[in-house]
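A, B, C, D, E and F are the chain letters, set down in written order, and residue numbers restart from 1 in every chain.
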Amino acid sequence: MTSLERSLIIQALEEDTGRGDPTTAATIDSSIEGKAYFLAKASGVLAGIDIAKEVFVLFAAQSHRENLVRFRSVGKEGSHVSAGEPLDEIYAPLDAILTAERVALNLLQRMSGIATLTREYVKRVQGTNAKILDTRKTAPLLRPFDRYGVLCGGGTNNRYSLAEMILVKDNHVAANGMDIRQVLDKLKKYFEADAHPLIPVEIEVTSLEQFRIILDHGGNIVSRVMFDNFEIGKLREGMAMNAGTFETEASGGVNLHSVRAIAETGVDYISVGALTHSVTGLDISLEIDHVPV
Amino acid sequence: MTSLERSLIIQALEEDTGRGDPTTAATIDSSIEGKAYFLAKASGVLAGIDIAKEVFVLFAAQSHRENLVRFRSVGKEGSHVSAGEPLDEIYAPLDAILTAERVALNLLQRMSGIATLTREYVKRVQGTNAKILDTRKTAPLLRPFDRYGVLCGGGTNNRYSLAEMILVKDNHVAANGMDIRQVLDKLKKYFEADAHPLIPVEIEVTSLEQFRIILDHGGNIVSRVMFDNFEIGKLREGMAMNAGTFETEASGGVNLHSVRAIAETGVDYISVGALTHSVTGLDISLEIDHVPV
Amino acid sequence: MTSLERSLIIQALEEDTGRGDPTTAATIDSSIEGKAYFLAKASGVLAGIDIAKEVFVLFAAQSHRENLVRFRSVGKEGSHVSAGEPLDEIYAPLDAILTAERVALNLLQRMSGIATLTREYVKRVQGTNAKILDTRKTAPLLRPFDRYGVLCGGGTNNRYSLAEMILVKDNHVAANGMDIRQVLDKLKKYFEADAHPLIPVEIEVTSLEQFRIILDHGGNIVSRVMFDNFEIGKLREGMAMNAGTFETEASGGVNLHSVRAIAETGVDYISVGALTHSVTGLDISLEIDHVPV
Amino acid sequence: MTSLERSLIIQALEEDTGRGDPTTAATIDSSIEGKAYFLAKASGVLAGIDIAKEVFVLFAAQSHRENLVRFRSVGKEGSHVSAGEPLDEIYAPLDAILTAERVALNLLQRMSGIATLTREYVKRVQGTNAKILDTRKTAPLLRPFDRYGVLCGGGTNNRYSLAEMILVKDNHVAANGMDIRQVLDKLKKYFEADAHPLIPVEIEVTSLEQFRIILDHGGNIVSRVMFDNFEIGKLREGMAMNAGTFETEASGGVNLHSVRAIAETGVDYISVGALTHSVTGLDISLEIDHVPV
Amino acid sequence: MTSLERSLIIQALEEDTGRGDPTTAATIDSSIEGKAYFLAKASGVLAGIDIAKEVFVLFAAQSHRENLVRFRSVGKEGSHVSAGEPLDEIYAPLDAILTAERVALNLLQRMSGIATLTREYVKRVQGTNAKILDTRKTAPLLRPFDRYGVLCGGGTNNRYSLAEMILVKDNHVAANGMDIRQVLDKLKKYFEADAHPLIPVEIEVTSLEQFRIILDHGGNIVSRVMFDNFEIGKLREGMAMNAGTFETEASGGVNLHSVRAIAETGVDYISVGALTHSVTGLDISLEIDHVPV
Amino acid sequence: MTSLERSLIIQALEEDTGRGDPTTAATIDSSIEGKAYFLAKASGVLAGIDIAKEVFVLFAAQSHRENLVRFRSVGKEGSHVSAGEPLDEIYAPLDAILTAERVALNLLQRMSGIATLTREYVKRVQGTNAKILDTRKTAPLLRPFDRYGVLCGGGTNNRYSLAEMILVKDNHVAANGMDIRQVLDKLKKYFEADAHPLIPVEIEVTSLEQFRIILDHGGNIVSRVMFDNFEIGKLREGMAMNAGTFETEASGGVNLHSVRAIAETGVDYISVGALTHSVTGLDISLEIDHVPV
């Protein structure tokens, strides 16, 4: 787990528990030890169980009790879980379990929901070369978790943020009344004149004519081409023209019904915004064992 | 807009744009003025348009250009928008529009998606007294935005975090082998002995027997009772027993099909986790006008 | 203790100890164990002893020695202490005790001073229904501690910040040349049109005429009325007009001499700015036992 | 104003206004311009008027309206103000004035209260050489403001935190069963062996015997001696023994009645914890002019 | 400029100016306008002039005066400057120029020093294919600035931090008593089993035997090989064996005398720790024009 | 170690390791215990070994494993180390050693490089009264570490930031067309009129005429005079004129060749910007012992 992820968890605990938990304070003696386990209440792909457990450690650390938190691992990140299947166990002070539970579940359910949907897409393209890519359409502030859900589902991560790759979209092209050819010149100048670091360049095309220009002039600059909203026939034609020259990516109009046909054109990557912009959380609960004391 | 909301927006900009945007740097001259407008691509309830606009102001402020950002307001928070309907316009440096666009849309689509689903629930219970409540099952760190989406949809906000209300669930009751009666005593002691501030108390019941105990002994302490996973018949019976004594809330098993029948029992509040834990973003895009310069 | 309180303590330690403590570095060997106890040097009400102890834990945690800090609890929050009475004991590395002492005492003395004064007010109104309320006139940044002092003294906490309650004062009324009636209309519109969450509304009145308007038109909106700077006679008249309709609060000109008469009018709450804006710290010291080693 | 002070003001605004101000949102149109002025309601010494004004600028900056805030300066830091005297004027959006008012007043009243009490002490010692010193008994987190209040009252600031000066107290001496002579040796070693920076050294003595040891052996190391809780006679004797060798400071048992006699012994500094640990805020209000619009 | 860079500048201003600048406060009237210009006092490569100017903007923004700061640009990032050459001009309040000057110069001198040394290395390898790479041996916290200096000098940036590339060094290999072959297996498993994102992999070799193993078995996994501390002859042999299969990098024992011979072996990259771990600042001053007022 | 230093280390770890270390994740099992030792690869003065060790503790604390980190101390801060000399040993989880190593070495090498150069200067002035002073020409954000390197080398620390001392340079003098005499008047007014705290005052002079003015009029105000860029003869003359009246400091044109002659004039302090603005890191490595497991 990275320190960014840890600091986001701490901030999420702050949001929900930072002003105190009077319910637990009023009803639970802080000396009671608790035992609980995650329970899958629907079938899907597990993602984020280690992060969910760290929530309890980081919460307990606020009262210097992190050494009282122990786990028994059962579920494996990325594995399939069935409704009714018991998952990892937690041993910790009962008040800490009750107070931190919601933050842990909110993270776990979202990540597992993302993994579950990603797995659906990955299954549909099985046997082709296509990889399922995520996009920057993540929940703001939760990007590392959303991306991890995609990985657990068998998807592939795209650039983390705007900085890791140049991706020229039609808005960048049209901005100055430029065409693709002029954009390629701009990019060449950018790398030459200002000694910028060599990061990968992808360009979005909306027609085969645009793609032809890149084939003719983009060789030194472009590493991947994004075919946006192409019909299957046109996309197949594009793959033939490309013949392995550039990496290729299809985007737009991708859903569980259309994805197989797109993959069979031979495209390398298919990016799917819905993986993260419309998430149905996987139903997982935390069951608490009550031992009379 | 609160300073918490502003600081979350700044953090979201940091996540996506904090290491720079080489695409825009390479292709867009920073002196070009841009014009853009939001466009509804699906029908639903608008929520967060003011927050989306503030994203551009806060991003431009990083380069001391916030005074170059202007808007023309069209859409109204909470109003219905139709697919194809143009919404608010933005006038700002083109590079700022292109770099900050994704953060603005990610927030706006999520909030509007929440508002749209909330409105569906609100419509179903029209004519009854029931109010649709959100829960703490929000995307971590995004709670103020998720709650605002619920408000725009016509829903009612529940407690912000654990601190604003005592809500005793079955886990709190069962923890020490206690029953409801003993919990009421614990709460009384909590308020008396330690001079804690008087915040509202809600107790979850899972049977009419438990509710009877609260009717008999909870008068001074309890302000609301949550009926968790009650059948409609039992819930109606509960309302009759209550006869206006406490505020009442139904939870569990609530969906668009069941919500009307629940509301017709006369319950005051119906809490719906799905409003925020499984969000389908409303499709809204940002269209950029390209004026040859 | 909430995470906000913890982070304020860490910031207070930073202020006083963050650049090092050369005195202790030069004179105290870091391997010496220390023992100390708090000593009441004046009589009053104890508040903040648990917070004062946490100061030592959080300071020791900076050098990974929090597990060397132990306590023996003696005093109870909110209890009366007499001059000369020994309070809780601390066992910790001597250098940590000496370096963190001042921050602990500064917090403890202020909170106990607040509790002591609050208790005086509470005693004066004993036998009436009136509760003593604090105000937002706290030391900036110390509000959670100041409020806790009030609670320990037997007082009742008002809204935490501007956000938790609407409180319309004469400035809000006069701002647009509005009168109370128009303000009530504005509030109604506010709640209806924009789907804002239902938070309590209190309105300040400075005459019985204003109060009459609220009695006639404020029923659905207002939950509490603040009578500002009323003479006792007028205030009693107001209570009679009210006859239990709204919660009532008296403010202005409240001191230890006047508070009883105010309470006997039957008002529900009396708010006292002096509880926190003019604090005489309760004299408590930290005595260090010196065992020859 | 330093950036530390600015960031503390922003944090104080966050505490009181960070979750929004629904009262102002409901009642005040954000386009109304406001005018207000500070009004002294008691006589005393003004301190912090510039800081109070910056509160409004920093609050307005959150909504990018800081250029709408203007002032007319009237009062001068450190000057005497009389009850009823109007002070600086503010021109700003009315909603900003109403929302930020409390934070501004809380700071101004505390600083002016400190300045007023400090001035009392300074007056009592007029004609002697003694300077009135503050201590580290400030409100946690507010030290820069508390110290500024002392300066405005004519007092002198002591070390900012533990780091700027070595001050050996009896606890440091007794810690290891050491005596003063051994402490002097420890200090010498500290400076020699570890190449620590040369910061001033002050040592507390509780008897003339201890002082004699410093006179005989402390020459190269000590720059100031603190006489703690000395009777006037003994203190005068100490001054005679000293004959200008070290700077001298009296502490303990200092109040408005005793301070003159202490000063007349010829001591250089008198430190007074009460300046900041028990503050009576100076009553200053913000009066808002209501111009019908 | 990224928001990370901006926030580091603000932190650097805090370090040097955060507690105030009494010198300027005592001597300079805040209403005086100032004019100044950077002056190269030694010859070298300019880097960071835009960052140095932003220092003044960000400092002035603390007192809401950023709109009073103007520049006339002269020098170009990455261009050669000669001793005595005047560079960019600043127009700003004089007190802001004097207070922020040192932070601006400290950054500018370091970055320009890095660029100047980098340019020396780049010149030595001119006509070969070798690129000069920086390393992670940067000044802690200043990495973005150090890397920018390298770019301006004509060098190429390596991975930003540990996260962007896998670089297996001999310590990773030897850790478990593994050999290179086993490491390749571990990497394969890492990518397969846990669905990690595909980031580039580089492996360090210290002998041609190790390199042979990678040639035979690393094809799918490895993208670059680092030849650490190879003699020229062995390195040339390695290039022949490689025949374009992998990207190649030489490291260890690189200095201005040895770099040419290394480059002539045909290696693709030469990494040079000294670019950033031992920096001689380029002497640049800020000259202030004094116009009698 | 101060909390500022700790927080800078944490920030440096964030910079290099905050997004994870996939190399170590892929190759090193987290249960392997590691052992390593620092090794001097060049001769010089050791500085920062305690800080370098704390890097590993703070990194391990992120995964709650700080109790697994142990050291055997060998080297002493400020002592001379020879090439080939083994230094302190570390026992910690191997993955933590490998991930945190670079941050630790980057700090240690820089501090030791500073100490080594400082020691050279200190040796040259041995037998004179002159002390070697550092300046504010430190690497931004690393000032506490740079200053500590100077101390370990036997140098003396100057003011920490702009706030701790008034230092009037020629720019402050010339700003208003003032001369030194007028500046002295301004300073007097500053201290009198606004009750500012008494901090030391140093004034830079560039001629003996200016110095004469200070001798005649600066007695109550000035504590130190800086002779900037004086020839040796003139500087000696200045020392004679001064005859112990003020502390004296020489600056400008100081290098290892010139420093002795400057010191022999009898000047008290010689400030050397090069100590920190042009640092050659001392070559120290971390050697990892590989025990077959």
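Convention: a residue touches a chain if its C-beta (ideal position, glycine included) is under 8 Å from a C-beta of that chain, and two chains touch if they have at least 3 such contacts.
As the structure is a computational prediction, the values presented were derived from the model and not from experiment.
Asker: Determine the shortest chain-contact distance, in steps, between chain A and chain F.
Answerer: Shortest path length, in steps: 1.
Asker: Scan C-D, E-F or A-F for the interface that duplicates B-D, counting it as a duplicate when over half of the contact pairs agree by residue number.
Answerer: Duplicate interface of B-D: A-F.
Asker: Using mean C-alpha positions as chain centres, tell me how far chain A is from chain B in Å, no decimals.
Answerer: From the centre of chain A to the centre of chain B is 23 Å.
Asker: Using mean CA coordinates as chain centres, what's the gap between chain D and chain E in Å?
Answerer: Chain D and chain E have C-alpha centres separated by 45 Å.
Asker: Where in chain C do residues touch at least two different other chains?
Answerer: Chain C, residues with two or more chain partners: 2, 17-20, 163, 196.
Asker: Of all residues in chain F, which touch chain A in the complex?
Answerer: For this pair, the touching residues of chain F are 13-14, 17-20, 62-64.
Asker: For a test of understanding, state which residues of chain B touch chain A in their complex under the given definition.
Answerer: Chain B residues touching chain A: 8, 11-12, 15-29, 32, 34, 94, 98-99, 102-103, 105-107, 109-110, 113, 136-143, 161-164, 166-169, 171-178, 183, 186-187, 190, 196, 199, 277-281, 288, 290, 292-293.
Asker: Which of the residues in chain A come into contact with chain F in the complex?
Answerer: So the residues of chain A in touch with chain F come to 1-4, 6, 57, 61, 66.
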